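Listed below are the structures to be examined.
Look at the two complexes coming up: subunit A is in both, with subunit B in one and subunit C in the other.
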Partner chain A sequence: MLDILQNLDRRWIFLMMFIAVSVPLIMGTTFPEEPSDQVMAVFHAVDDLPDGSNVVVALDYDPASEGELQPMASAFTRHCALKKHNLYFMTLWPQGIPMIQRSIDLLESEYPDTYKGKYGTKYVNLGFRAGNEGVIKLVVEDLKKSYSSDINGTDLENIPLTKNLKNIQQVDLLANVSAGYPGSKEWVLYGSAPFDIPTVVGCTGVQAPIMLPYIPQQLDGMLAAIKGAAEYEQAIINGYPELKDNPNAKEGLKRMGPQLVAHVLLISLIVLGNVIYFWERKQGMA
Partner chain B sequence: MKRTIPLFISAVTGFVLICTAFIPKFVDWGNDAMAWFNILAAFAFILGGGNLLKMQLQKISAQQAGWGYSAVTLIAFFITLIVGLLKVGVHPNINFPEYAWSGDYLEEGSAFWWLFEYIFYPLSATMFALLAFYISSAAFRAFRAKNTEATILLLIAVIVLLGRTYAGVWLTSWLPNEPILGTSGITYSDFHLSHLSEIIMDDFTTPGMRAITIGIALGVASTSLKVLLGVDRSYLGSDQEA
Partner chain C sequence: MKQSTLIWTLLMIFGGLGLLSVQIFRTQGAVYVREVPVEAKASQPESPEQVYRWSKYQQVPAKEKGEPGVSFSLSRTIGLWVAAFCTLAIFSFLYGDNPLYKFTESVFVGVSAGYAMVVAFWTEIVTNLFAKLLPGLARISFFPDMEEGTKASLLYLIPLVLSVLLLWRLAPKGSWIARWPLAFFIGATAGIRLISYLEADFVGQIQNTIMPFIVFDSKGAFLWIESLRNSIVIVGVLSCMVYFFFSIEHEGIIKYISRLGVWFLMVTFGASFAYTVMGRIALLSGRLNFLFNDWLGI
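Let's turn to the complex of A and B:
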């Protein structure tokens, strides 16, 4: 048996991983989540703001990391919409524009009373600007030096939400969802930390250790990977029970099923690999 | 002159930006410099495009192995560039029905939207998703408890992997919230996998990352000063130091 496993074709492992991910995804299996203190800090950062506050939602990711980050972006957007906040969308990634559009579609389809047809008065899409940290430094000092117009080319002076906004130090919260550079770290270093802008972030699991040192001084809270997204969704559902019947509000929760099975499979493979290793060592092969 | 001017520009811009961080009167200068940086970043796209063209054309003309991929890259590059530059929109635009494809170029159904949704999006997502398959294969073949350090790493990986899913709750939720005899305040429930996972992240990863971050910051500061003072000129295309 161990001989067979020793020479196991990697395609069998690929097949196992495919089944491990696809079956729970198709079945829509979810598990109960208990929001951690860090996730509750993010929840309160959005929830404790008075209704109609100004929130910058910076979405710095692309389709590669959408699987992990879109539930966070949707949860931030949904939570802000429940609080009727005014939203300023922007991105430092050229591929981020369609990601913003997904959040805008969510606003208009799920909260039409507050947001449908309210472009410029309840939300605005500033789109993408090249320049990485340079853009962040400018928008926190002088927004219109970097963004003279929105994504449609409309002058910011002609948009009610941005007309009197000198810089994003004037907003009540900065929510960033990022998959790498430029992203959360740059927003903290050049945006929130020097100017004490309340900031919450959502990031990939790989980025989470990099962001941990900034909590709680420079960051109010962080959602790490799909687990963070699922806990945040649970926190929003706990706070706003009407979302219980909204399947779109459980995207992160649904993705914890595949994550569970995939992690268990990974651990099983590690254990199995080590059994083979020690067996080989005993036989004098390793 | 070829070296002196770039060195001068770097030094002046760098010192202006440093001054803006400490002297409030210079803040506007800093903002102007950052606005120039935005323009430079936009030009970097053109240089990037030029470099892509040069590299791929070289491969095609030399008929290097896999030159067909270079041709595909160039075709994809030009199609996307043309669609983006000409802002090919949806058809028809209700305000200008006489002009073809003059509607919003980011709207659903436009050429750019189509390229993104049906080519870039699936390719990009697939490339990242493949990671799960390679990680599982690597876990089986390479993650061995060969020595003490590797064993500790393995155990921590297992705790974090389980602690970040419901498996952690399921496996250890039976541990009671009662103090362990002979310990000062440590309870059995402290050994819940999810709790252990949090301890690893908060008490081991965070201090380690803080130390690394401080080290990186000191390195960046010293390297930046070397660049601004003209000691390190490697960015000019030479690794010689003065």
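Let's turn to the complex of A and C:
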């Protein structure tokens, strides 16, 4: 038996991982989540604002990170919609435009009374601008120097939401969902930290350790990886029980089932690998 | 044929047949859309108001296919199948490197680059440069919403000239000209980054680390969790810094402090790795969710 394990083809491990992820996904297995203090800080940053506040939603990711970040972006959008906030969507990634469109579709389909046909008065899509941190530098000082028009080419002076907005220091909250550079770190370095703009971020697991030192001084809160998204969804459901029956509001929660099973498998394999290693050492093979 | 290869080949064939049968017998993998009429009004100073009507199509769940206004979308169905095929082709790398994977990888890289280029052209070259330098022409050609009589902003000639100089790099002779705009970009980027890093990362992080070992609340009660957390942060930062302090010999007390720093670093790397694993599994579940829900309709 140990000989088989010693020479196990890695493709069997891939197959086990496939089963570990796909079975709970098909079964729709979810587990109860307890929102952490960090996640509750994000929740309160959005929820404690008066209804109809101005929020910039910067979605800096592409389809490659969608599996991890889309639940966060949807949760941010849904939470802002519940509070009837005015939303300014923008992205520093060219592939981020379809990601913004998903959030806009969510607004129009789930909250038609507040947002359907209210482009320019309740939400605006500023689209993509090239220039990475240079764009952030500009929008925090003079929005119209970088974004003279929205995604449709309409002058920002002709859009009610942006007409009197000089820069994003005037907004009440900056919510960023990012998968790398330029993203959360750049928003903190060039946006929130120098100008004290209240900021919350949602980021990938890879980015999370980089962003942790900024909390709580330079960053109000952070959603780290899919676990953060699931906890945030739970916090929103706790705050707004009408969402309990909305399956779209549980995307992150649904993805935590596969996470649990896959983590158990991984830990088991690591333990098994160590047992084999020590057994080999005992036999004088290693 | 090796036994493992035979097993995996059979798995792939049966898996493929299974997928095919699911598609044939359950009629999944079809995309339905609802027609949404859109109306917009536009007016010019000298002409009466004009009304423009068109339709946009919103994707709906398959269960709504019988409802009025809902129709089958061939183009989106083809898109769904192409996406599913590409996902499976990328997954095939786990079986082993193969031409299908290489082809799909190249398609992804090409499509991403092409998409980014088109978006950058329409948002930067057209919207941000062309419309600023030639507003009249831009209004007639692309942006009817632009204010009539908008004046050209000649300041935008500077980035235009710099961009043209940058393209000089492609010329066989005179490629040195491209070094001037490059020098400007590097200098500007370094300047922008330096200030922010100093302010937010360097000074900001030092400020964040200046914290009390012992924490009391407003009523003078000792908060042991906060005190423990602060102590761990301070001890961790100092011991990690000692580990990277190479100008003195790591002997005696310094040796033990630097070893403690190594332990802190190991825990940090472990946490980083765990977060990375979580991220990768989330990406896998995202793709499988697409295959199971959107494509197979399970």
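Keep in mind that, in the parts below, the second predicted complex is superposed on the first by the 286 of 286 C-alpha atoms of A that agree within 3 Å, B and C clash if a C-alpha of one lies under 4 Å from a C-alpha of the other, contacts with A are read in each partner's own complex, and residues count from 1 in each chain.
The definition used in the following text is that a residue touches a chain if its C-beta (ideal position, glycine included) is under 8 Å from a C-beta of that chain, and two chains touch if they have at least 3 such contacts.
These numbers come from a predicted model, not from an experiment.
Chemist: With the two complexes superposed on chain A, say which partner A:Gly134 touches: subunit B (first), subunit C (second), both, or neither.
Modeler: Once the two structures are laid over each other on A, A:Gly134 reaches both partners.
Chemist: Could you look at A:Gly67 and tell me whether it touches subunit B, subunit C, both or neither (first, second, both, neither)?
Modeler: Touch status of A:Gly67: both partners.
Chemist: What is the contact status of A:Phe14 with respect to subunit B (first) and subunit C (second): first, second, both, or neither?
Modeler: After superposing on A, A:Phe14 lies in contact with both subunit B and subunit C.
Chemist: Figure out whether A:Leu49 sits in contact with subunit B (first) or subunit C (second), or with both, or with neither.
Modeler: neither
Chemist: With the two structures laid over each other on chain A, which partner does A:Met40 touch: subunit B (first), subunit C (second), both, or neither?
Modeler: Neither partner.
Chemist: Report for A:Ile104: first if it touches subunit B alone, second if subunit C alone, otherwise both or neither.
Modeler: A:Ile104 contacts neither subunit B nor subunit C.
Chemist: Based on the superposed arrangement, let me know which partner A:Ala193 touches: subunit B (first), subunit C (second), both, or neither?
Modeler: A:Ala193 sits against subunit C, while subunit B stays out of touch.
Chemist: Thinking of the overlay built on chain A, is A:Ile270 touched by subunit B (first), by subunit C (second), by both, or by neither?
Modeler: A:Ile270 sits against subunit B, while subunit C stays out of touch.
Chemist: Intersection of subunit A residues contacting subunit B with those contacting subunit C?
Modeler: 14, 17-18, 21, 62, 64-67, 95, 97, 129-130, 134, 137, 151, 208-209, 213, 225, 227, 259, 262-263, 266
Chemist: In the complex of these two chains, what residues of subunit B are touching subunit A?
Modeler: So the residues of subunit B touching subunit A come out as 27, 30-31, 34-35, 37-38, 41-42, 44-45, 106, 113, 116-117, 120-122, 124-125, 127-129, 132-133, 135-137, 139-146, 154, 157-158, 161-162, 164-167, 169, 198, 201-202, 205-206, 209-210, 213.
Chemist: If you look only at subunit A, which of its residues touch subunit B in the complex?
Modeler: For this pair, the touching residues of subunit A are 8, 10, 13-14, 16-18, 21, 31-33, 36, 62-67, 95, 97-98, 101, 129-132, 134-135, 137-138, 141-142, 145-146, 151, 208-210, 212-213, 225, 227, 256, 259-260, 262-267, 269-270, 272-274, 277.
Chemist: Which residues of subunit C touch subunit A in their complex?
Modeler: The touching residues are 4, 8, 11, 58, 94-95, 112, 115-116, 119-120, 123-124, 127-128, 131-132, 142-143, 145-147, 188-189, 192-193, 196-197, 199-201, 204-205, 207-208, 268, 271-272, 275-289, 292, 298.
Chemist: Touching subunit C in the complex: which residues of subunit A?
Modeler: Counting only subunit A, the residues touching subunit C are 9, 11, 14-15, 17-18, 21-22, 25-26, 62, 64-68, 70, 94-95, 97, 105, 109, 127-130, 133-134, 137, 148-149, 151-155, 157-158, 188-190, 193-194, 204-206, 208-209, 213-214, 217-218, 224-227, 254-255, 258-259, 262-263, 266.
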